[in-house]
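What follows is a set of structures for review.
The two complexes that follow have chain A in common; it is paired with chain B in the first and with chain C in the second.
Right after this comes the complex of A and B.
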């Protein structure tokens, strides 16, 4: 079991800084997800834990020991690569078992272990095939099987689902969650897809441009985003962000006045108001409404409906998430009510106001 | 109705195919004529002249298989095949293997490596005879830089008449050949190395694989196709090898570096025995064809790797 700690970690490629001052710790047995837009440094962070990248500054500790200079095999981590990294000239069995072979496990014990893991991953019967003769999902499972045979302290996944189709993605996601439950090992999982992060993680680390934006459980991030970036990145459909000014009575959103207390800013300050789509509702009458808006587009998802409507400040359309079905059509005018209990306020620098 | 339609279209299809074949023949005719005139005819006439006693000027005299009987009793001719085999083995070591080694060694994006690769490749663009002449100076017993260096560091006894003694002459030719061509194989392998995904090596490293394991279990198997091509180039190129031998040793000393090509030249043009020379050429052609066939049988059976 291994706790992973990052202590003021920096990474540069040549003169280009990629990670700045990353400090965080991943508890042993935790499933931790690094999420962020493409190019923000997630893979780099993961690869530094594995020992595939040099740490430019700061310290990475595994189980309390400085690991910066530790050779990769001694870290006892297993990695599932986005491209699976299967050897094209080896069979499935050889691909899964080559690590055991390198570590000198005798052939009989090796093949027993391979058969065992292949059975749990439903790969039995495919052991003599080559990767080119497998489907994407099967290749993915071979890569996971290889990691399982390593019996590592830490499992690492670098965007393992991005080469799979939607149905397979959900299935494999469940398999990874089950693997975590069964083995109880630490897992570090990298993805750019916030839904994957939300569904899998014990804890999410949101990265942006090489900095940690926020660390927390999925619900903490959803309910209390630390800044505009996290608020915008976590949640689907996206949070509505509106420019507003603090007034004596509450907030002025364009021509609309909203009576709220506890914004955490002084009258006259500019703030950004964040409202999740499910916290906007259609009122029964215009007298109950906060403002009246015009429907631009309706997306019917079956159980729920997304209504895109004009914003009182112009710019991006507002998104309303409504339970059930509706007969609304584009062009109709609707009374919109904002639920004041679930609002998020951010200052002009983007940080959360309490 | 539909059955009839199918019948009609199939019968016109058959005659159509024949007609298309006839038309096609008109289009291939020029190529066929050229192929016959410049490949088939010379080949056939070579076989004819190989069975004659001919000096290239006077009337050729038919002598049947006498030239071939003589060839298989010709000790120097037989030895030339031994020498060329040794030379080819040498090129597999000094050109192909060393080229592969350098490709792996210089496979890096770090600054300076592109320059090193260019330097290592540069002898390839030099003409073979220029390389031969250049190295003759280097190996020279009295004035060559090798013996001068050996003497300078006190190893006077090590100085050798490199190109004038049977024990070292062939080795010297192999070394120069390696110097000349290793860069070509390096570039060939380098391009292939670039196509191997980096993640394969990283996955191996995480499991504790060292560079030797990775080379033997990842690089070599994935370069198999390229290695096969390189071996074919080296073997066929080896049999055709002439210019380096001609400029460096011309078969000397005591025919110890005689290869088929140099011996054929001597017989055909120095000794005015064109008929015998052509017979030796026919034998050489047969040997190269045989080896190519064996190679193709083997190469066909190995799969192309897909990532």
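Right after this comes the complex of A and C.
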């Protein structure tokens, strides 16, 4: 069991800084997801834990011990690469058993373990095939099997689902969640897909441009995003972000006045108002509405409907998520009501106002 | 890539290319073909009609050349020199190429450049120095003089070609092996070597051809007729038999044909290896 700690970790490639002052800890047995846009440094962070990249500054500790200079094999971490990194000249069995062979496990014991793991991953009939003769999903499972046979303290996954089709992605996601439950090992999982992060994670670390934007459980991030970036990145459909000014009575959103208290800013300050699509509703009458808007587009998802409507400040369309079905059509005018209990306020620098 | 797989008729430009290509191939191949069929003629016939086909196909020329030239012994020497020279150069060059592309050590770039100098040196420039060194080592007039010099001589090009191929390999497989607990040598042996096999076969073939045909060192470092390689042996042979060209042609044909057959058998590997190194 291993707790992973980052203590003021920096990383540069030559003169290019890639990670800045990363401090966080991943508890033993936790499934932690690094999420962020492409190029933000997720893989680099993961590879530093594995010992595949040199740490430029700060300290990484595994189970309380400084690991910066620890050779990769001694860290006892297993990694599933985005491209799977299977050995093309070896069979499935040889691929999975490579680590055991290197450590001198006798052939008989090796093959028993391989058969065991292959059975749990439904690879039993494929042990003599080579990677080129497998589908993407099967290759993925071989890569996971190779990691399982190591019985590592930490499993690491670098965008493991990005080469799979949608159905397989969901299935593999479930398998990884089950693997986590069964083994109880720490897992670090990297993805740029916030839905993957939300569904899998015990804890999410949101990264942007080499900095940690926020660390928290999926619901903490959803309900209390620390800044505009996290608010915009987590949640689908995306949060509505509106420029507003603080007034004596509450907020001025363009011509619309909203009576709210506790914005956390002085009158006259510019703020950004964040409203999740499910916290906008269609009022029964115009008198109950916060403002009236025109429908631009309706997306019917069956159980729920997304309504895109003109924003009171112009610019991006507002998104409303409505339970059930509706007969709304583009061009219709609707009374929109903002639920004041679930609003997010951000200052001009993008940080959350309490 | 060469066949016209789409049904479109060929353009005049393409016909021009084919024409030019055919002329070049004919000009390049004719001397070899001429050598082969002249080997069947008698000496007088060669002078009477130098380019005509033989009136009578004299297979006995080959037996005579084989026996009189002692080609059996020369063959054996050449095979030993080529085999060991190629093994030596591919063995060391693959490790050098791996080190240059994958390991980080001080002076790596400078050393890699120094290796490239080996590509630029003409053999005559170092022949005297090599001779002195080999004499000091007592290796003159032994096959080792040729094995070591040829093996070493081809290391520069081999390292260069393999290095290009190693660079094109994705590192993730090696990283996966590292995380599985493999050490440097195990990664090299179990993961990298199998992946670069096509490139190794390619450079082995190229080196085999070069070493098989090598003449300058073979003439300089060996004076004992029994220890000569084929090219050097043939040069001596033509000295003794300057009057009988049919025997010289027969001996030349015997020397050339095996390496050509070897090349044609292996050329698919060569093409695959070279294109793989360039692709990606």
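Basically, the second predicted complex is superposed on the first by the 354 of 354 C-alpha atoms of A that agree within 3 Å, B and C clash if a C-alpha of one lies under 4 Å from a C-alpha of the other, contacts with A are read in each partner's own complex, and residues count from 1 in each chain.
Here is the rule we go by: a contact is a pair of C-beta atoms (placed from the backbone, for glycine too) under 8 Å apart; a residue touches a chain by one contact, two chains touch by 3 or more.
Remember, it's a predicted structure, so these values are computed and weren't measured experimentally.
Trainee: Do chain B and chain C fit side by side on chain A after the overlay, or clash?
Mentor: clash
Trainee: In the superposed arrangement, does A:132 touch chain B (first), chain C (second), both or neither?
Mentor: It touches chain B, and chain C stays clear.
Trainee: What is the contact status of A:52 with respect to chain B (first) and chain C (second): first, second, both, or neither?
Mentor: both
Trainee: Contacts for A:83 in the overlay, against chain B (first) and chain C (second): which applies, first, second, both or neither?
Mentor: Both partners, chain B and chain C.
Trainee: Mind working out whether A:150 is in touch with chain B, chain C, both or neither, as first, second, both or neither?
Mentor: both
Trainee: Touch test for A:99: chain B only (first), chain C only (second), both, or neither?
Mentor: Touch status of A:99: both partners.
Trainee: Taking the contacts chain A makes with chain B in one complex and with chain C in the other, which residues are shared?
Mentor: Dual-contact residues (chain A): 50, 52, 72-73, 77-79, 81, 83, 85, 87-89, 98-99, 102-103, 146, 150.
Trainee: Under the definition above, what is the set of chain A residues touching chain B in their complex?
Mentor: By the definition above, chain A touches chain B via 50-52, 72-73, 77-79, 81, 83, 85, 87-89, 98-99, 102-103, 132, 146, 150.
Trainee: List the residues on chain B that touch chain A in their complex, please.
Mentor: Residues of chain B touching chain A: 197, 199-200, 202-209, 213, 217-218, 221-222, 224, 305-307.
Trainee: Can you name the residues of chain A that touch chain C in the complex?
Mentor: Residue list for chain A touching chain C: 50, 52, 72-73, 77-79, 81, 83, 85-89, 98-99, 102-103, 146, 150.
Trainee: Under the stated contact criterion, what part of chain C meets chain A in this complex?
Mentor: Those residues of chain C that touch chain A are 170, 172-173, 175-182, 186, 190-191, 194-195.
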